[in-house]
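Paired with chain B in one complex and with chain C in the other, chain A is shared by the two complexes that follow.
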Partner chain A sequence: MRDVAVLGVGMTKFGELWDRSFREIGIEAGFQALVDAKLSSADLGALYLGNMASGSLIDQEHIAPLILDYSGLAGSHLPAIRVEGGGASGALALHEGWLAVASGAYDFVVVGGAEKLTDVPDTEANRIISGTADHEWETVFGATLPGLWGMVARRHMHDFGTTREELASVAVRAHEMGSKNPNAHFRNRISLEAVLHASPVAEPLGMFDCAPLSDGAAAVVLGPLERARKFTDTPIRLAASQVACDTMALHHRRELTTLDSTVLAAKRAFTQAHRAPADVQVAEIDDGYTISALLAVEDIGFVAKGAGGPSYARGEFSGQGHLSVNTSGGLKAQGRPFGAVGVAQVVELVRQLRGEAKDRQVSGASVGLAQNVAGTGATSVVHLFERVN
Partner chain B sequence: MSIARFWRETPHRYNLGGSKCPTCQTVYFPPRSVCPTCSQHRQSLGRLVPFQLSGEGEVVTFSVIHEPAEGFEMQVPYVLAIVKTPEGPMLTGQIVDVEPHAVEIGLQVRATFRKLREEGEAGVIHYGYKFAPIDDHHHAPPRGSQEEPASAMAQAPGRSAPA
Partner chain C sequence: MALEAGIVSYGAYVPRYRITPAEIGQVWGTDGAAMGLGLGIERKSVPAPDEDTITISTESLRAALVRGAIDPQELGALYIGSESHPYAVKPSSTVVAQAVGATPLLTAADFEFACKAGTAAIQTCLGLVGAKMVRYGVAIGADTSQGAPGDALEYSASAGGAAFIIGRERVIALVHRTLSYTTDTPDFWRREGQRYPSHGGRFTGEPAYFRHVTECAHKIMEASGTTSKDYQHVVFHQPNGKFPVRVGKTLGFSEAQMKKGLVTPRIGNTYSAAAPIGLANVLDTARAGERILVVGYGSGAGSDAFDIETTEEIERFDRSFGTPVEEFLSGGVNIPYATYAKFRGKIHMGGS
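Let's turn to the complex of A and B:
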């Protein structure tokens, strides 16, 4: 396997993009990434597109050739492949792109992620996203995604003494960072009181514990590291790409408060990159719900099991310490267009590692980690990135 | 959801019919055709035998749902829980016949046969298990008319639709 680098990144604004279609946002992100990489489309070997539910959301399946076509590349007859894994579709597409370049099958590939959640009413979108849990044995009995994560939160509070305030501090921190991100769905700051007093969704989680339903697209260009200098002065090495899966239903897990899929994907990723959690300065983690963020920092190994709440509440991940988490604003504030999330995380990390993150820049960041989760953790994907000096 | 898609799960959703691996004795719910636990994983295909859960269990965690799943709009707020059965399997279901805020981790519950949800006024009505506290002092009268009268799981009909 050869070393792989990220050569270019791009993304649309995330949010309620009423005036823009799925194909428009897909093309915009892809072209931004190609321009950023200074790569001609004639050099491309393949397109991978992460997407969760276009068929249910916009009545369109078979979307990879659609985006290829409207990118003006139908005549190239490139392979264009959709990758689906719920909310982790974007990171899974990246994994496929990495495999293709690392193996030598293709030299340069575009990996995109796109989702259009606001073309259906909220209730319909919520029904569709609940399909990433076990429909027959969870959803049919009244489960929703926030409901399942609410049960994780309840058990975490019971086992480790995690408080509502600690959970709420995750959302406050996310909006703080979102306020500095021009692409974010939410650019307003919120107070701890606002989170605590928001209307309940699935107790103990309230409205501000849940990431929004967003539209958006993101894309990256991958290529072999040995040829990267030809395209960019700041190639970012994709140092590890790991996927791990677990039981579909939350109730079948070994432990309700640990995502074994994240534990394993992270462990394998650190082994692959010869790195440890302490080496990471910037991380983009899956905070679809405030409780998901606590599990992420614990299961990746940034803090001990059960210590996520106090660590967040003390502001340990807000830039004062060694590690900054979700400088983009995360899913909570930057937004949650499901299939685009895992790719957008990489866009933020690459900008951080290149030193191009402007107001959000973490000075001297050289190692970054992305964690993307589907459903309640039946799939986790962890990627590691390094600045190449 | 098509009728067949729900109907084919009737023995499990109505009667808590699971399966058991004859080699390692592990019980599964819903039933599985391959044993994920034992060393005979490959040989276990098709050899697991039906096993009936008692319907008793303990609340391991729960959430009070205010923004409902589709078809549950008339039931909010409702309690969604993960219940651990004495036979081993854990499963997800509603806790009923109790004030939502009286539910706690460790609550002892028993499965009852109820209406789960309906697909609109003229649509299919889905039945299955919910859980109610065993201890009497937790009991509260059923809220509103959305609940079917309780009946023990053991008396619930099998493959035919309930009267």
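Let's turn to the complex of A and C:
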């Protein structure tokens, strides 16, 4: 296997993009990434596109050749492949792209993620995203994603004494960072009181504990590290790409408060990259719900099991310590276009590692981690990135 | 463009029954009181089983005719804007014209443009009157709108109407200018044969209501060379109690300027009648020389704006006939959901 580098990144603004179509945002992100990589489409070997539910959301399947076609590349006859894994579709597409370049099958590939959630009513969108849980065991009985994560939160509070305020501090931090991100869905700061007093969604989770339904697209260009210097002065090495899966239904898990899929994917990723959690300065984690962020920092190994709440509330991940989490604003503030999330995380990390994150820049960041989760954790994907000096 | 026409007389009518958001919420297992706070709605009006857009229009027009001392035979045009005309085919306007004694020498038609059909009818009358094709034209906005049971709309959709007689003589409120802003924005709709409307959720906010109302208000003030400071009153379409206040603040209006024109918190969203009843409430206490900005909104979507100024004639206008809007706002009889369900035909009856 050869070393793989990220050569270019691009993304659209995230939000309620009512005046823009799926193909339009997909193309914009892809072209931005190609321009950033200074790569011609003639150099490309393949396109991978992460997407959760275009068929249900916009009545369009077969979307990878669609984006290729409307990018003016139908004549290239490139292989264009959609990758689906719920909310982790984007990171899974990146995993496939990494395998393709690392194996030598292709030299240069574009990995995109795109989702258009606001073309259907909110209730319909919530029904569709809940399809990433187990239909026969969970959603057919009325369970929803926030409902299931609400149960995880309740158990976490019971087992570890996690408080409502600690959960709320995740959302406050997310909006603080989102306010500095021009692409973010939400650019307003929120107070702890606002989170605590928001309407309940699935107690203990309220409206501000849940990431929004967003539209958006992101893309990256991957290529062999040995040829990266031809295209960029700051190639970012994709040091590890690991996927781990678990039971679909939450109640079949070993325990409710640990995502074994994240534990394993992270462990394998650190082994692959010869790194440890303490080496990471910037991390983009899945905070689809405030409780998911606590599980992420615990299960990746940044803090001990049960210590996520107090660590967040003390501001340990806000840049004062050695680790900054979700400088993009995360899913909560940057937005949550499901299939695009895993790729957008990489866009933020690459900008951090290149030193191009402007107001959000973490000084001296050289190692970054991305964690992307689907459903209630049946799939976790962990990627590690390093600045190459 | 100085129009020589304006409002000669007006009247409003709101059915007497009321229901609270808390009462609706308890049926559906939701916190209705919180829903009401969120929407800015304390109560909404409910029409009795024998009331519809035609009876409501007739009540409001009768009040307007008596107040203005106008012979119904002098009416040359009668238009009713509504999204709840009792018949899909057969005009409401002919029934109302006959009921008030305005037939047969007049033109009549029903208008539909979601919540702004009433203001569109005012514009049409201004044109006819301005062109001296008719002496008086009647524009009515009236609705008995329904939200599907359990839907967010059920907390706001109510009933009411207001009639405006437009003319060139004895004008109590001169319309300096009217201007519209229209685009194809499908935020709210009801297809032929459907009982309840559908809506685009959050899409009904920013790209729909806020964009059209804000742009239309900006454009008419730009054309008139005015700013928010030049108006004593402002009346917006008011689908709930929150949207008009937010748009008013954005445009630089104070709560005092919005106060008289904001009626939805107390009677719910009367759709085509919402801005017209707000305007009627302003006129109920206005003195000569007060300037009023009215900006309606209809889903689909468009806004009609009016730059209005009361004249000396309003000091002589006899308001003693008809019911003042304030009485409709503060009066009424609260009913339980069961009665509401019966009145609104939500109970499935046996037989044919």
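Keep this in mind: the second predicted complex is superposed on the first by the 389 of 389 C-alpha atoms of A that agree within 3 Å, B and C clash if a C-alpha of one lies under 4 Å from a C-alpha of the other, contacts with A are read in each partner's own complex, and residues count from 1 in each chain.
In this text, a contact is a pair of C-beta atoms (placed from the backbone, for glycine too) under 8 Å apart; a residue touches a chain by one contact, two chains touch by 3 or more.
Computed from a prediction, not measured in an experiment: that's the story for all the values here.
Q: Could you tell me if A:142 is touching chain B, chain C, both of them or neither one (first, second, both, neither)?
A: A:142 sits against chain B, while chain C stays out of touch.
Q: Quick one: is A:152 in contact with chain B, with chain C, with both, or with neither? Answer first, second, both or neither.
A: The answer is first: A:152 touches chain B but not chain C.
Q: Counting only touches as set out at the top, which of chain B and chain C does A:59 meet: first, second, both, neither?
A: After superposing on A, A:59 lies clear of both chain B and chain C.
Q: Pick one for A:233: touches chain B only (first), chain C only (second), both, or neither.
A: neither
Q: Between chain B (first) and chain C (second), which does A:121 come into contact with in this model arrangement: first, second, both, or neither?
A: A:121: touches chain C, not chain B.
Q: Of the two partner chains, chain B (first) and chain C (second), which one does A:199 touch, if any: first, second, both, or neither?
A: both
Q: Using the superposition described at the top, determine whether chain B or chain C touches more residues of chain A.
A: It is B that touches the greater number of chain A residues.
Q: Where does A:249 make contact in the superposed view: on chain B (first), on chain C (second), on both, or on neither?
A: Touch status of A:249: first partner only.
Q: If you lay the two complexes on top of each other, which residues of chain A touch chain B in one and chain C in the other?
A: 123, 199
Q: For a test of understanding, state which residues of chain C touch chain A in their complex under the given definition.
A: Residues in contact with chain A: 34, 38, 200-203, 206-207.
Q: Please name which positions on chain A make contact with chain C in the complex.
A: That would be residues 16, 18-19, 118, 121-123, 199 of chain A.
Q: Which residues of chain A touch chain B in their complex?
A: Per the stated touch rule, the residues are 123, 126-127, 130, 136-144, 146-148, 150-155, 158, 199-205, 249-252, 256.
Q: In their complex, what parts of chain B are in touch with chain A?
A: Contacts found on chain B: 6, 9, 13, 30, 60-70, 72, 75, 77-78, 80-82, 90-94, 105, 116-117, 126, 128-130.
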